[in-house]
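Chains here go by letter, A, B, C and D, matching the order in which they are written, and residues are numbered from 1 within each.
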Amino acid sequence: MQVDEVKLRWGDAVTESDIEANLRPEHRAILIVHNETSTGVTTDLSAVRWAIDRTGFDPLLLVDVVSALGSIDFRMDEWRVDVALTGTQKGLMLPPGGAVLCVGPRALDAAEKNRTPRYFYDWRPVIRDMQQGFFPYTPPTLLLFGLREAIRMLLEEGLDNVLARHARLAQATREAVQAWGLRMLAADPARASDSLTAVVVDAIDSGAVVKVAAERLNLALGVGLGQLRGRVFRIGHLGALNELEVLATLAGTELALRYSGHPIELGVGVAAAERFLAGCE
Amino acid sequence: MQVDEVKLRWGDAVTESDIEANLRPEHRAILIVHNETSTGVTTDLSAVRWAIDRTGFDPLLLVDVVSALGSIDFRMDEWRVDVALTGTQKGLMLPPGGAVLCVGPRALDAAEKNRTPRYFYDWRPVIRDMQQGFFPYTPPTLLLFGLREAIRMLLEEGLDNVLARHARLAQATREAVQAWGLRMLAADPARASDSLTAVVVDAIDSGAVVKVAAERLNLALGVGLGQLRGRVFRIGHLGALNELEVLATLAGTELALRYSGHPIELGVGVAAAERFLAGCE
Amino acid sequence: MQVDEVKLRWGDAVTESDIEANLRPEHRAILIVHNETSTGVTTDLSAVRWAIDRTGFDPLLLVDVVSALGSIDFRMDEWRVDVALTGTQKGLMLPPGGAVLCVGPRALDAAEKNRTPRYFYDWRPVIRDMQQGFFPYTPPTLLLFGLREAIRMLLEEGLDNVLARHARLAQATREAVQAWGLRMLAADPARASDSLTAVVVDAIDSGAVVKVAAERLNLALGVGLGQLRGRVFRIGHLGALNELEVLATLAGTELALRYSGHPIELGVGVAAAERFLAGCE
Amino acid sequence: MQVDEVKLRWGDAVTESDIEANLRPEHRAILIVHNETSTGVTTDLSAVRWAIDRTGFDPLLLVDVVSALGSIDFRMDEWRVDVALTGTQKGLMLPPGGAVLCVGPRALDAAEKNRTPRYFYDWRPVIRDMQQGFFPYTPPTLLLFGLREAIRMLLEEGLDNVLARHARLAQATREAVQAWGLRMLAADPARASDSLTAVVVDAIDSGAVVKVAAERLNLALGVGLGQLRGRVFRIGHLGALNELEVLATLAGTELALRYSGHPIELGVGVAAAERFLAGCE
């Protein structure tokens, strides 16, 4: 099996032209990340779908929605996604420990026809047993009960309201970053993620900001991953979240920047975020 | 039994001269509130003790430490307090539902000698049974287990550190109030409480601030009680609390003031608090 | 205020003739225990009501339903009970810590007219505040949330089913006691309690049975109280309870009796209980 | 890769002669189940080790200890086990959802040398990251905290005491089965499992016993798996367990057998178990 990777600059999103330039008739599937946790960039999946259609080819569309589902709009049917994969610990607001797969009929069919030996990656025994109310092995029962409750909570708030809340809180975060005079890693503001924001710091080691935030403020920021190590820290704003939690995070980030020796005027980020939130009303 | 009340302006604390002017030989006990929850004022109990001693009289000293214990320095032995009363739901960081009485030997003795009929207010059956490991009635077991853990937590952090933390977070709150251009109800800054701050608002109904904070931000501020209704809102900062929670509360209060129509520059309170906290390090 | 007590032998219930022989026109209230926790005897409240009516007097009827409510039939309206008092930790299946009062219009009226000074025992401030959704003091919030859920659970099962379940499980317990060759303290089998069973042991100290059950089997039996100390142990079967819990308790009691040196054939009690339960189906 | 299976009758354990008759020099690993959950049979691993050694060959020894660890004696070092695999939901007393691998140096070395492509089954990235305090992916944090506590609990009781407790409670269960006149699936009593007992029923469908136990008694027995479907039900007695829980389970099983139409004298199993437990003291 040949795998062709589309190389992107970290901070860029897959675009329609990436699809059109790279997709070839022999490609049987496209694997794409909806929201990139290391860079804070969200792919425009409807544009991806449109670009695929325009090529006239028909690969399976497999999407990693781990840090998107429940916080960023995702439409499995409308965008004809064949497989979507997520975890329990992000927008589904549960402890980590579970993976959730949504699989459409074309993917089911492809898996049925495929002759590759597989064991762990074979969803057929699970599907077969679940049709009779069973699992082929001991399931993580607590996560399943939690998942039922999480879905009730999302529906009770209304999925549109949930997505609007995340869009609002993400924009408040971006206003703060701008007020700090820092820049987001997301090259195209229109593709900046509504579930996390990756902030570039040049003056100091971004790892020091994360460390001091944890040690002195009990605040969990994310470190820069891979080639972004030391250059980026990340602010998560997905899942169960409200205005006060975001403002606390921004206030703590300001203090952590100051404690790490980054020149910053304390309070300007929170003020910008508050002004944005007050204007939303 | 005659009860003489020392009338105070709401916002004032009992002073040494109040004691000296009012205490008379026939007074058998002084009942005093360590920290007044409705006004955010802390009595200087060591000065009270000193003033009592100077009168040469020796009444029992009964102290309500409900919103003080665990957040504000209290020294039962050094200040020769005979009875201290608190609840579980404040500095002891537990759910509400329990009252805790600390009783010294003079109070035990007075209760023994007193012939007034009493039932609910009689601690003797409780003391008698507890000496054998029992309660005279069904005790609130969960609160007792919780109390043991709460005390462990306080000792693990170190009581001095706990008190220093509350002093620091309270001062951060007061810096914000000042930056907002508002005043505290506590007339004497030196007596402003480290467990809550009562803020006076003249321009608008303080109840509206509390209401909008709860409804739009899920933030629980306290209303003005009694004669302070509509004029004061209260910010609690006692018990389990850290920097980020205080900053979130201040940010939410700014938004709630703005939402209620109070002219306020968003962010200035949080900025002042952050500057103070950064300077503490 | 004069209080006339009706002396009963421990293990007897108040009867209609007790009422008729003792009630006098000057009695303003009758205070009666629905289910006596120390003896395992249930008063026939409908007979009490009928006996009161037959005297032609009309005292307030105050009932302690602590160990009855939710496990034994109680009809406040039908029996014209003026005040019923219970706790959270029995049939309401919650942790201990709360008391619940149900007060009817005649009792409210009597409290209003009464001029006795009172503070803690005054329900008027509570009622007044609760009409506006408040408490006059900090309420035990967790118990209130729990109470709402407990009531939902009772209604979901259906109160009639709940009572039938307790009657069935209590009878299973009594079958075991009989099979052990022991007798119940309740003199009249018809008045034996459906929420607990007090068992008389003559051969050995009943306290030893309770002690060994706790230490070796982690089983909580109740000791004999007051004059029953050493002569009686008690088996609770109220609140959240099912067949297996009762059978485990009976099995453990058999072992504890044997461990304490009481001559007993192991298994006979559980067997009798099982036969009864199997026959119920 | 060639896999040779040693065919056993369901209910038999692997024996030394199975090893000696089947092990060949080209076998690179033996995979063996310590305790077979479907049959209630425990392999004598020390005998297996001894038999392997006697052959003079040196395959890796891989052991599934899922339903054994924490309830049945297992000695990784003494028996020179190279890989042991368990889950969190059995003897470790946690919710399901986690797998635990213990890997010795020979297995680590074999994995390093092996050139087979692998991804999910590759423990090397996990080991590498964990040496720096990390996971290569989001770990199930709650299970890890729970695991720490579970291990503390096992050590607090003392592992020898834990194993003795399971041996005692398992024997009590077996006494009951014998008293019922039923037989265990485990052909050799010496190999009957201390963590679960599989009971053969000929007169009726064993699935009916399991069903009625769940529906009428809220008791979870295990069904017969595979070829044992309808012929066997299983009683679990592993993990957090005490005398009363076992006795309740046995009492409930008696009732469920009776409810399913199996001729059984109620109480005889519990009585036998109680006699055994009383004799242990």
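Convention: a contact is a pair of C-beta atoms (placed from the backbone, for glycine too) under 8 Å apart; a residue touches a chain by one contact, two chains touch by 3 or more.
Note that this is a predicted model, so its numbers are computed, not measured.
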Those chains which touch chain B and also touch chain A: none
Homomeric contact chain B-chain C: same or different residue positions, threshold half: same
From chain D, the most remote chain by mean C-alpha position: B
Distance from chain C to chain B - Cα centre to Cα centre, in angstrom: 40
Distance from the mean Cα position of chain D to that of chain B, given in whole angstrom: 56
Where chain C touches two or more other chains at once, by residue number: none
Overall pattern in which the protein chains touch one another (line/ring/star/complete/other): ring
Complex contacts: residues of chain B adjacent to chain C: 87, 89, 95-98, 120-121, 138-143
In the complex, chain B residues that touch chain A: 216-219, 242-245, 247-249, 251-252, 254-255, 258-259, 265-268, 270-272, 274-275, 277-278, 281
